[in-house]
Each structure stands twice: as structure tokens, then as C-alpha cells.
Amino acid sequence: MHMQNEHVSELKIAYIGGGSRNWARKLMCDLALEPQLSGVVSLYDIDGGAAGHNAQIGNTITDSNEAVGKWRYEAATTMEEALTGADFVILSILPGTFKEMAVDVHAPEKYGIYQSVGDTVGPGGILRALRTIPLYVNFARQIERYCPTAWVINYTNPMTLCTRTLYEIFPGIKAFGCCHEVFSTQEELSAILEIFGGVSGVERYEIETNVKGINHFTWIDQASYRGIDLFELYREAAQKFDAEGYRASKEGRATRHYGDWRWPKPLHFELFGRYGLIPAAGARHMVEFMPHDWYMNQTDPVTLKNKWGFELTTVHSRIEYQDKQIEETERIIAGTDRVELKPSKEEGVRIIKGLLGLETFVTNINFPNRGQLPDIPEGAIVESNALIQAGRITPVHAGELPLDLLNWVVRHVYNQELVLKAGISQDYALGYKAFVNDPLVAMDLKSSKALYEEMLEGTGLFRL
Amino acid sequence: MHMQNEHVSELKIAYIGGGSRNWARKLMCDLALEPQLSGVVSLYDIDGGAAGHNAQIGNTITDSNEAVGKWRYEAATTMEEALTGADFVILSILPGTFKEMAVDVHAPEKYGIYQSVGDTVGPGGILRALRTIPLYVNFARQIERYCPTAWVINYTNPMTLCTRTLYEIFPGIKAFGCCHEVFSTQEELSAILEIFGGVSGVERYEIETNVKGINHFTWIDQASYRGIDLFELYREAAQKFDAEGYRASKEGRATRHYGDWRWPKPLHFELFGRYGLIPAAGARHMVEFMPHDWYMNQTDPVTLKNKWGFELTTVHSRIEYQDKQIEETERIIAGTDRVELKPSKEEGVRIIKGLLGLETFVTNINFPNRGQLPDIPEGAIVESNALIQAGRITPVHAGELPLDLLNWVVRHVYNQELVLKAGISQDYALGYKAFVNDPLVAMDLKSSKALYEEMLEGTGLFRL
Amino acid sequence: MHMQNEHVSELKIAYIGGGSRNWARKLMCDLALEPQLSGVVSLYDIDGGAAGHNAQIGNTITDSNEAVGKWRYEAATTMEEALTGADFVILSILPGTFKEMAVDVHAPEKYGIYQSVGDTVGPGGILRALRTIPLYVNFARQIERYCPTAWVINYTNPMTLCTRTLYEIFPGIKAFGCCHEVFSTQEELSAILEIFGGVSGVERYEIETNVKGINHFTWIDQASYRGIDLFELYREAAQKFDAEGYRASKEGRATRHYGDWRWPKPLHFELFGRYGLIPAAGARHMVEFMPHDWYMNQTDPVTLKNKWGFELTTVHSRIEYQDKQIEETERIIAGTDRVELKPSKEEGVRIIKGLLGLETFVTNINFPNRGQLPDIPEGAIVESNALIQAGRITPVHAGELPLDLLNWVVRHVYNQELVLKAGISQDYALGYKAFVNDPLVAMDLKSSKALYEEMLEGTGLFRL
Amino acid sequence: MHMQNEHVSELKIAYIGGGSRNWARKLMCDLALEPQLSGVVSLYDIDGGAAGHNAQIGNTITDSNEAVGKWRYEAATTMEEALTGADFVILSILPGTFKEMAVDVHAPEKYGIYQSVGDTVGPGGILRALRTIPLYVNFARQIERYCPTAWVINYTNPMTLCTRTLYEIFPGIKAFGCCHEVFSTQEELSAILEIFGGVSGVERYEIETNVKGINHFTWIDQASYRGIDLFELYREAAQKFDAEGYRASKEGRATRHYGDWRWPKPLHFELFGRYGLIPAAGARHMVEFMPHDWYMNQTDPVTLKNKWGFELTTVHSRIEYQDKQIEETERIIAGTDRVELKPSKEEGVRIIKGLLGLETFVTNINFPNRGQLPDIPEGAIVESNALIQAGRITPVHAGELPLDLLNWVVRHVYNQELVLKAGISQDYALGYKAFVNDPLVAMDLKSSKALYEEMLEGTGLFRL
């Protein structure tokens, strides 16, 4: 790594899960569009062919004229090779196959339990965690061995438990988790600012929000743009749409689009009404942290749409999406298609710049609790604001949660600690203790036991 | 108050709820049987007649030859009169009438929700708390005014919230809560010691147990008698009865009786199997802290018996019991019946002696958390061991709870804090936030709202 | 207050101590040079004439062409008048007269105890606190009454105890303390960056430092400029000047000047060598927190210079300075002189802008500990970084101090709590308990008692 | 180990430092006088001959008719042999020779610094700790290896750091420290009870005291006997003797003796007057925790008597005492003298009985802080009450210390943590950071450096 004239060259980024057709390409674009950085990206994947394709694609991008950031991409054959000498490590894997994911998401349906994503908490999230944690135990050990001072960015879900595992195994690790869920809420606040405050064109990162909670169950209790109180505007929006019956018909709703999201979001206003805080993650994620009887039960078993305005992410839809990506990759490799160079909405590259001293800013990340959420146990991975500066991440005090919300957050924090222990020790009896305590597992003990065992079996954990 | 030759005379005990036909008589017996104490008991009750009857009965007892402890009983016409000059205050009231209690216990049944007692947590416990807390706000103020240095013993349920309210209003109060639930478990351990350890005749207070939790949801993680590890014997008992299918038939079960309790207790063994700790309160109480789907759902709607071996306490049965007590009282007043002088199983008088310096011992009480349960928020009322000595109660370190249990305890602790605030401010919208977070409120949001409003209405809280 | 086009008008600033000839003028300049703000400054002072003069001067400044920020100045006749409607309150008073200050600073000299400033800790700081705290009790009450939601900026010393008193009396106050000591260290780091890193022209606020400690005893454990590690450069500087014998002679030292400060600072390098952290306040302040035997004892009784390169601030020099200021004020009022419009080095106006949403930044302030210094008791006023944003100040996690330094910080924190209680209750026996525990009070008990009583007498506290 | 009829046989006690001529003999007596225990004591000492003599003496005692407790004594040739199979381990060693102790105690005198004991804190205590900690690192490792579930009783000074080291190295150890200092204060309270309360014959362990602090700097804030408030009687005593000028002359003082202690103790009354708490350790220990200027400076350099009524423990006097003990041992071995069977005033055997379930009681021990002293960092070794029961020690909540005292306690706690790190890592530069922060090291930095190096040299630590 070498810094001169505010340009950092000779960086090395290790990308574990480097065969990714989605996230890795986003990184390539962001790096190509960033003039202040250059170096090498070492892609490692258990699917070596996919990593090789990505290296080829990456180098093609870097060779294009539009690419102002010049990077060399290489496919590493071992994790050791990728990690050795790395300044940054990106962890972004898909834990398991679609077969296992199908169990995560759909097995509970026969017990009347729906999950909108199934990768964080709930039956699916817990099973996914149980098979991901041993992988992360290994990542932590390899990082400790080959690049102990590198910054480690996790993108894999379950975000909290992946990051927590890294710290449990290698307490000196410099790891954090990045998630884009809050960004959408900041975009929503920007839209509300335009409609209710008359100020347009504000980028989502110019919106200042105080974020608090755990990944995918985050809340905002203060929001402003240059002294304009967005919290009050949000209240106004909630009241207006409540009065106008925004739930009535799809057509009756606001038709404005801001990029790829639609507004207004009825569940967010509902939760705002109940808790007085702005929900900061997507509805599909938020509802999975709460009792099934509250919102998930309003899912149509046929259409898999929830009357609160979101759809379940089926594994089928994920497979379709992947198939499209594979085809696209083939076309790119064949030269009949190309990667469109556009900025992703991810923040990884900006944070890398921050940690290199090129920019100082505040953003929300997933990080061990050092008191930023004073009511949550120390060391739990929480999502809240942190100051990103040269060589350091320092959490910003986020403050208390209302007691009724705190209750749900703490419930999941304790449960995740149980899953952590179960995952590390591969003690599935212990895993059940967490499983049965999850608010989506709303069934009698016999059923929960049967479901848990079926899911263990179906995801191959009994065979571990 | 005057101490001489290890006898304390001229004590004054104020008894709020002094018309009680049950608890007050137990106190009278214990005082009459205690040679080291004497003084006056001032009985105050909103039912002045009942207090007057009790004064009469108390003085009759004291006049009997068997009574070695000589006390004068008087009915106070105001709380001020009762409290002024008191060394000890006993709070033991019935908050509301049977009409309200019927709502507490039975209103949720139409939503399929059963409660075995309905006075602690769950829909009934929360409603009962909402109407009791304002009364305790008043008690705390009067005590601060008229006898701020008196020791205050609470017997009223919900135990935790009554005691918590006293400290919230008058932080300098010297209050604690006494509950006999753990004593039964100690008797059970004594029986197990006899059957499995061959040591008989051991009194329950000779059994040393490490108690931790919150009232009616307490757990024992260490138990011994003179170096004999009762925890191991309990494990042995659990295994044996598990093997012998102790749930099979009532007749097949052990037929031994120890006083008024029956053994073995299947739910206790079930919970021991799940959590590895001995449940320390009765099954009827323990189950109310857990999801309805776990145990309460196994209640027969007709017989109101739960297949885990306990019966629901109906309000009907309470009315019958009270009618009997009223008749008995009339006979005693008329002189055709008399109070039988026998020790109660309560510990109040022993603790009074302890605080006067006549005895030093360790027992479980309900007291503000000063770190004795390190994972529970400071100031929450927890139940664990304390050292009782002249003029002071000092909590003994109880230690951690297993994570899965801690989760349930903390859930109720936070919820009780919400109920406290709702009760003090009489803010019933806030009360609903606690209501909907209770694990027995296993229903959709619309139903829980309807039930809550019906219960508020039925218990007169809308009219407050 | 009214915001439009990123200009905030109709602001009201209340200035308590508004007769100040130094700080108030700095504020006037900074406001006049700030184009985004306008409004009224209401000056209140027990010396009403001085406040009147300042109002006149302020309005003259605002009338000048150079003044881009337009403010109206008025002298309030009561504190109520100044505070009512205020958006910001500035507290900047001189507690007591020079007669009392002479006692603070010089009375201990006859016991061989020297103080370089005598306004923070040590005998002088404690006495000053004891007479200032009652004034701040009053300020807190008036602010609670007349402008409870205003932001309150304290400039008065003892900084920690003034700010602490405000929170003790009115816990809902939005107060913080500003001190410029750290800024000089940032300027020093900028100079080191130039000399050792070859980067020149860097403003002190571009230097990123992690500040931790209590006011006037602050430490930096991380410092960087755009990815350049200034901590390493500082180490290099310390080693170089250590090798070159920088203490030898004044002439031998570097002669470069950066504004009004001189470099290098031997005591800073000495402390850096001992503790491994960069001392962040001036030497004159730092040494007063440590035993007299360590550094203060190396003071020449005649010249009052300390061989570590700093001079004692005598009251005589303060009087001379004040006399000059009074003359200057008279000339300004008379129109024969004028206030030179130049930016102060204070940060008050920048923070006001930040709190109004015009700028977001991180700086060090004095604020109640909410966990930003995890080893220091909650609620103590600590100095560390905070994020300044629209309507809120959120502390940034500062992290642990080395144990040997922590020991000194905690010692003063506890001692200041004692002084707080003594000051509020005006219990001077309690005050002595703090006095005797101060590390500068290095004498036998009889002497410390005599000195304390002499100082109480001399500063009129016995007459309170 | 075998329990039957409330007698425990086949116990194994490992005694490290088993050649001790003082403490080991006390244990032998206490064991011989205790009818409920029997087994084997395995004596290990680096002076194998001394251990052999003690084994011989111990077996002679056990053969005597008066000995109701029958034990076999053996001299172990390795620590492994002693520890293997042990139920209890006693650690009671003399760290270093008199040569080193002479440096500990007397080297500081040339700098005008006196120490009354020099084995706990102060220059001597720190040096002693630095050479003892490595020995305890080894003890902890051996115990973890050979008897990890044994209870470990430490008698060695510095008590706090020896016990702390055990936990640092083997966190699962079941260790605690026993010290008899508080017992003398309880005897003093018994004497005061007789003189001022008219109740005589009360044993010291019947006095209930709430002890808090760290070893040799402990304080009592509540004391009673059967409801009689001894705290009030102590106040009365302090006032009376203050009025009577109890310091005037030795003859003028009370001449009553209670066993081997003399009453009244002027320094205790002085400290009681200053802090409002009863000092619980001997004056010689208490004063070493406070600045030299306060009390230690009142030492006559010739007689080594302190005008507060205590004498310094010189190494000369220790050598004389040892010589006498060696002669006595020789006589005992030769059969011309015998060990007088009388109970020691130590509590080790009583605690062993408690841990075996033969007795439940509360006493003060040195134990890791689990919140019993809420203001002291978790894990620090504190001295306070604990409940001794079958198989467990549970701390009793001791509560807060007054702020001015807390300041001194915390100062030593932090300093001891520094010494711990220095001792474990044998990093003597780190050790100096603790040394210079000790309140007895009242000298300039150059002197403290010189003294420290001289002491390191003199105690052979440079040669380690």
C-alpha cells in the first residue's frame, strides 16, 4: 500500500466468495469509478471457475477507457493466497445451496409459518446461521494467520452472527458488517423531504439519521437534513397517508418512484405509529423479528404476497435470478455483453477510502457494542452510526431504545448468542434452545421439535 | 420498641389490608407462638368492619393460655393512624373485587387463552397490576410521611410490581416482598433427600438453595443439605420418574404426601430437563411466564385441568373459599369456633426477628437488584437469597442464568417496567405496549387490542 | 429562529457574563465574520455598565462594512430578560475578584506549593469551584425556567465542575463545555506534519485526533491527517528533540513560531515518553493534575518560571492584562480605537452552526459521560470527541486510558464529585475531604487544614 | 473424601509452604481440635527439611490424646505429589529471604519514607509482589493441572495480588484469601460492647460486621450484636476517649487487655473521625495505603515508633522471631518441648468445614469482585463478606464506599492491576509506573527512579 498525492496504490483486496455474480461485479464497478485507489483484487471461491470468470471480467473492465480506477484481478487457488498481504478482506458468500435455502425458507410453511426472507432470524435464519458459523470460524482463523491487521468487511447474512463469529474466534480482528437496508430508508426520507419539505435533489448520504438496533431490525429516532427535522416530516407523511387510506388500492397510492423503490410503505407507517421510531430496514426484514401473529400471518398462501405490501422472497425467484446471472456472465465472457459501469448503492469502497484517510464521514455499520447502545450487552454486534477515519472506526453513541422495542432487540441478541455457541460447538440440542425461543416459531413444543429436526436433516447438518 | 434479654417488646406492626381472613390470621398465630416478641398490631382495611373483627379475634387469641407471644390488636380508622410509629408495615391486600378478578382470569378464555392464576403476568396479571399500582403509589407516600424508617413487608400480588412501585415512589423505603412458593420446592427437595438420599426429617429451611429469578418464575441452580448435593439427587429423581412414566396415570404416581403438596411434579421435571435448573415456584405460576403454546394450551376447557398435573384457580373456587372464611369468621366472633393455634408456613415473623437482631439467616426475598443477578437491570425487583441481620438485608450474589432462561426473565422485567410506568401515569395506551409483548398474549394484534379494551372496561379502569 | 436558504436569522443568544472584555469580543468578531447567521445577543452581567459598553461595541461592529453577519446587541438588566427566548446561552463569567483569585493561586505558596494556573484542580481550583458552583446552581435553575430547550455553552473554569453542576441541578439541560486547549496541540501536530511529514498549510481542524480525559488533562492516542499517522511523526519528533537536548537552552531550541505558540514543548515530550500518549492541553494545565513533586516543584520561587518551559500565571499579570483591556475598552467607546475584526480561535460559533444544521463535524467537547470513556463513571463530565449535527451532540466512543493515567483521571473525577456536593450544600467540611485528596496538596494534615481554612477565609466563603 | 454422620474423613489438604514454623503449626492445632474432620496433610516446601520437620511434629500432635481430629502428615517431595488428589490447597509462603525483605522495608528510609510492614502496598509491597507473582503463576498452573476442582486458600501477602494472580492464570480456580486483621477489630467491638453496652463474653465471630475494601485497607459501616448497634457504641467510645485525651500518655490510656491486643487505638478513632467508618485492619496496615505525609511521617527515626501508637515491624525483629522459632522447632523435634494445643485465631478450618457442608456462616474473605463492591472494577480481589456453604462461596452485597475513601481504594486497585501485569510479564519498566503512583512514594521522579532501581537490584529482580 502506498499513498501519494491523495492516491493510494498497491492496495490488496482479498475477496472471499469471489465467484459472486452480483456483489463482486458491484465492487468492480465501484472500484473502476474511483480515481483515488488502485491495486489488486484477489478472488477466492470454492467455485474456482466462477472466481476465474470474475477475474477475467474484472480485468476487462479495468482495461476499458471509462475505468479511472485501475485494478488487476486474479483468481486465487487457496484462501491463504488470497489473504496473504491483504489490506482489506471482503467476505461475501452464499452459505449452502438453493436446496438448503429452500428448507430454510419453505419448510416452516407446513406449520403455517411464513418467512419473507428467512436468512436472518426465524427458523430459516437460525438454520442458515448454524451452517454458516463453522465457515466463519475458519475465516477468522485464516485471517488471524495470514492478515491479522487487515480490515474485514462482511456482506454475508446472517450479518450479525457472521460478524459476531469473527470476533468470538479472533477478538483482535478489525471486522465490521455493511448492509444497504438503511440506505433505502434514507432515500425514502429524501423523497419525503421533497414532497413535504420542498427540498429536492438531496442524496441519501446527506440525510443524517441516528440508527440503532441490530441488522435488519434497525430504527431511526432522529433524522435531519441541514437543520430540517425529517422526523417531523415523516410524522406528517404518516398522518397524511393514514388519513388518505393509503392501503386502499395500489392505484390510489402515490405512484412516484425513486429508483427501484416504491413509496409509501404502509408497514413502516404502521410500525412508526406503534413505536414512535422510523423503521430503518425493509418491511420484509423487520417483520421477521416479531411474532408471526403480528404481520407474517397476513400472507396469502397462494400468491405469497403479504397484505402489508411486500412479497416473500421465494427460493424459486432466487433460482430464476441466478439463472439469468449465469447467462449474463456467459455472454460477458464471450464478449457479446458487457458490464455496465455504474455506481452500486453499496458503501464498501467509500468506507475503504475512509479507512485510508481519504474521507471522514459517519455511517451505520454492524460493529461490536462498546456502549453505543447502552442497554444491549457489551460485545453484541449492533448496527448504529460510526465515525470512519484514517485507520479507525469509532462508534457514535446511539442511545436508548424504547422499552417495548428494546425487549425484542434483546430477545434476539440473547438468542443469537445461543446460536453462536451452538454453531461453534455444533451442538444442535443447544441450537434448539434458540430455535424455540424465536418469535416466528409460534407453535407447540412438539411441532417446533419436529420442524427443527426436519430442517437439520434437510440442510445436511445431521451429517456434519 | 424495647429490647431486653433477647425479648423485644413495645413493637408496633401496621397491617394494611388488616381485614384479611387468611393472611392476617396466619400472622396472629405466628405472633402468638413466638415468645421473643410483643407489642401492638394496628389493622387498617377499607373494610373497617373486617378489620374490627380481626382485632377482636386477635385479642381473643392473645388472651388464650397457649399464646406465649402477647400482642394487642386494634382496628385503625385511617392509614395514618396505623402507620404512625410503626416499626414494621405489612401490605397484604386484595386489589379489586371478584368481579374484576373474573375479568383478569377468564376474559382471555374466549380467545383461547387460559391462565392458571392470572395475578402475576399474562393478561390478568397486567390488568391486576394496572389497578394495584395506584394503590401502592399511595402506600409509598403514606409510609414516607408517617413511618419512613419502618421495614415494609409486601405479600400482595403482583409481588414484583407492588414492591417495585414502592421503590419508584419512595426510593428510601426499606421494603421487600415475601412469597412462600420456593418453600414448597424446598419441601420437595427434603422429600427427595429422604427417598433418594436416605436422610429424613429435614425441615425445608435447613435445605440450602441458590434461588434466582423473579417472583413466581424462580430457579434453583445449587441445592444442598449439609454437604449432600441435592441437585444430583433431583436429577436422579427426574430420571427415575421419567423412566417410570410418571405421567401415565394418577394412580401410577407416587402416592406419598408431604403436608399439602403432592409429589412428583411432572412439569417441574419437564422444565428441569429443558433448562437444567430446578423450577422453584409452583407449576401454575411458572407456566404463565412462557408462551401459551408451550404448556397452558394443554388445558381442558371443561375441567380446567392441565395435563401437566395442575388445575386452574378459577374465580368461582376463590368465591367458595371466601364464603367459607366469612362463615368461619362469624362463628369465631360468635364464640362457637376458634382459631387453631398452629404455625403458618410463612416467614414474615422469622424475618421480623432477624431484622431485630434475634436471629441471622439467609432466605429468598424479593428485593431491588443491586447486582445479585448481574444480567438483570439494576433496580428491578428480583427474587434471590439475602442475608437477614439486625437492621439490614443484604443480597447474596446469585449469579448468571442460562441464556435461554435469561431471555424470558428479561422479557418480563422490561415488560413490568412498562406496566409500572403505565400504572403510575394511568396511561393505558402505554399499558397495551406491555400487554401485547406478554408471551401469553398469543394472538393477532386486532384480537389483543379488543381483549385489552374489554378487560380495561370490565375492571373499571376506563372509569378511573 | 428562522432558516431560509441556509441562513438562520432571528437567533437569540443570551450571554451571561456579557461584560467580558475578552471572550465577549471574540464572539462578536466571530459572529460578524459569519455570513450564515444573524439575530440578537442579549448581554447580562452583574457589572451592568460593562455589559452596556459591550452592547455599544457590538453594535458598532455590526454597523461596520466588514461585518457580514448582522447582529443586534443589547444589555439585559436581568438574567430572566437575557434568557427568555434564547436559542443559545453562553456562560462565561469570572467567578470572584482578583482578590479571591490571589488567594486561589498564591496562598499555597507559603507551604511550598506552586500552581501554574490555579483555576481547575489543586487548592486554587477547588476553592474557585466552591464559590462558583452556587452561581451555577442559579444559572441551571434560571435556564430551566426561562429557556429549558436552549443549547448552553460553558466557557467558565473550572470547566468540568461548572458543566457538571448544570446537569446536577437540571438533568434535562442541553449543556456542554468548550475549551481551546486541544486546538494548540492540533496546531503543534500540524507543525510536526510540516517538519517531519513535509505537508504544510494544514489547518488545525483538519487534524483528526482522538481526545480522551477531563478538561485540562486530556490525552490523544490517535492522530492522523488524510491517512498520514501523526502519532508516528510525533514519536519521531520526540526522539529527535530528546537526542538534540532540546531542554538545554532557549536559544538552542527551535525558533519557529506558529502563531502565538512556541515549539517544541519539553514537558509534552516528557509526558509522551512516560505515558505513550500525546498530552492534549497546555503544560501549565497538565502539571496541576499530578503530584507537586513531579513537575510543579521545579518552579523558581523568584522568577516563577518552571524549568519545564512554562511560566506561572500570576494574578499580578492578570491584573495588568485587565487594566490594559479596560483602557482599550475606554478608547473603543470613545471612538479612538476599534475592535479589529479577526477570527478568534474559539469554536463556539462553529458549533452553533453545527447545531443549527449548517455543518456536520466532529470536535472535542466537555460532555456527560455516556460510555464514551468506558472506565470513567457515567455522568462525569469528560472531554472527548462528539459529533455535532442539527439539533444534537452525540459522543463518539473514545476508548480506554492506560491504567496509570486512568488512575489520575479517576482520582480527579471522584474528587470533583466531592467538590460538587460540597459546593451545592456549601458544606466546607466536606470540601476539605476533597482538598486533602488533591495531588497538589502535598503536605501534612495540619498544614492542609490550616491552608484550607485560610483560603476559605480569604475568599470570603466563611461569610457565605 | 468421605462424609458420614457429619464427619468427613479421607480429606487431603495440600500445604504449599509446608515448612512454615508459624502458620503450619496453627493449622495443625486447629485440625487436631476439630472432631468432624480427618485425613492427610501433604506438606510441600522448597526447604524440604523444614517440611519434613513439620510432618514429624504434625504426626506427634495427632498421636497425642488431646487430639480429637486425627490427621496424617507427610512431606511431599514435589508440588505435583502434594497437589494430586487434594481437596483443599493452602498457599502460605514467605516470598524471598530476609535479605530481600530488608530491602522491601528499609531501602526507602534513606529517602525519608517509612513503612510499618512493607508487604502489601508502598515500595516494599510492590517489590514483594513483583517477585511473588511469578511464583503464583506457577502455583496456578500446577493447581489447574493436578487438582483443578480443589478449594485454594491463600494466606500469603500481598494477599490481593497473590489471589488475583491465581485467577488471572487459571480463571476457573476456586481460590480465596483469608486474613485475620478484621478479627481484631471484631474483638475490639466486643470490648466496646462490654464497656459501653454492658454485654460481656461475646465472641468476635458473634459480632456482625459489614466489611468492605481491599485486604489490609478494609472498613466497617455496619456492626451489631443481636440488635445492639455497635456502630453507635463505637462512636460513643471515640468521643469519650477523644475527650479524655487518650493520646496523652501510655499510662493514661486504658490498661485493659483483651487477649493480645490493646485498647483504645488512637489511629482508628482518628480515621473513624475522618471517614465515618470503622477501620477494620490494624493501624500498621491501614496507614500504608495513605500518603506518607499523613501518618507514616510521624515515625521516630530512632525508636521506629509512630506517635499514633504503633511500631514498625523491622526485619531485625522478624529475624529474632524466626531464630526463636527455629530453636523451638529443634526442641520439639528433640522431644524437649511440645506444641501447645490451642485454637489459633485463624478461620481456615472453619471455612473448610463450611465448604464441606458442616456449617453455614458469613465471614469476610478476599474474593473476586462480582458486584459486591459495585464501585470497584469487576474481577478485582476485594475483601468483604461472603456466605460459606457446602461447595460454594457467594459474596454478600457490601455496598458503596464514601467517595473520598473510594478514591484511595480505587487508586490501589488500579495500581495493583499494573503490578499484576508487570509481575506476570516481568516488565520492570511497567512496574515503575505502579511504583511511582503509590501514595507512599512521596518524592521527586528522579528519587523514585533511583529507589526503584536500587530495590530491584537489591531483591535480585534484575537477575531474574
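A, B, C and D label the chains in the order they appear, each numbered from 1.
Note that contacts are C-beta pairs under 8 Å (C-beta built on N, C-alpha and C of every residue); 3 or more make two chains touch, one makes a residue touch a chain.
On a predicted model such as this, the values are computed, not experimentally measured, just so you know.
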Within the chain touch network, how many edges lie on the shortest path between subunit A and subunit D?
-> 2
Chains in simultaneous contact with subunit A and subunit B | none
Would you mind checking which chain's C-alpha centre is most distant from the centre of subunit D?
-> A
Please report how many Å separate the Cα centroid of subunit B from that of subunit D, as a whole number.
-> 44
Where the CA atoms of subunit C average out and where those of subunit D average out, how many Å apart are those spots?
-> 47
Indicate the whole-number Å distance between the mean C-alpha point of subunit B and the mean C-alpha point of subunit C.
-> 56
Each of the following residues of subunit C touches two or more other chains, namely none
Which word fits the touch map of the chains here: line, ring, star, complete or other?
-> ring
Chain-to-chain touches, reported pairwise for every pair that qualifies | A-B, A-C, B-D, C-D
Can you name the residues of subunit D that touch subunit B in the complex?
-> 3, 6, 8, 208, 210, 222, 224-229, 356-358, 360, 362, 370-372, 374, 385, 387, 389-392, 394-399
Spell out the residues on subunit D that touch subunit C in their complex, using ranges where they run on.
-> 274, 291, 293-294, 297, 403-404, 406-408, 410-411, 414-415, 417-418, 421, 433-434, 437, 442-445
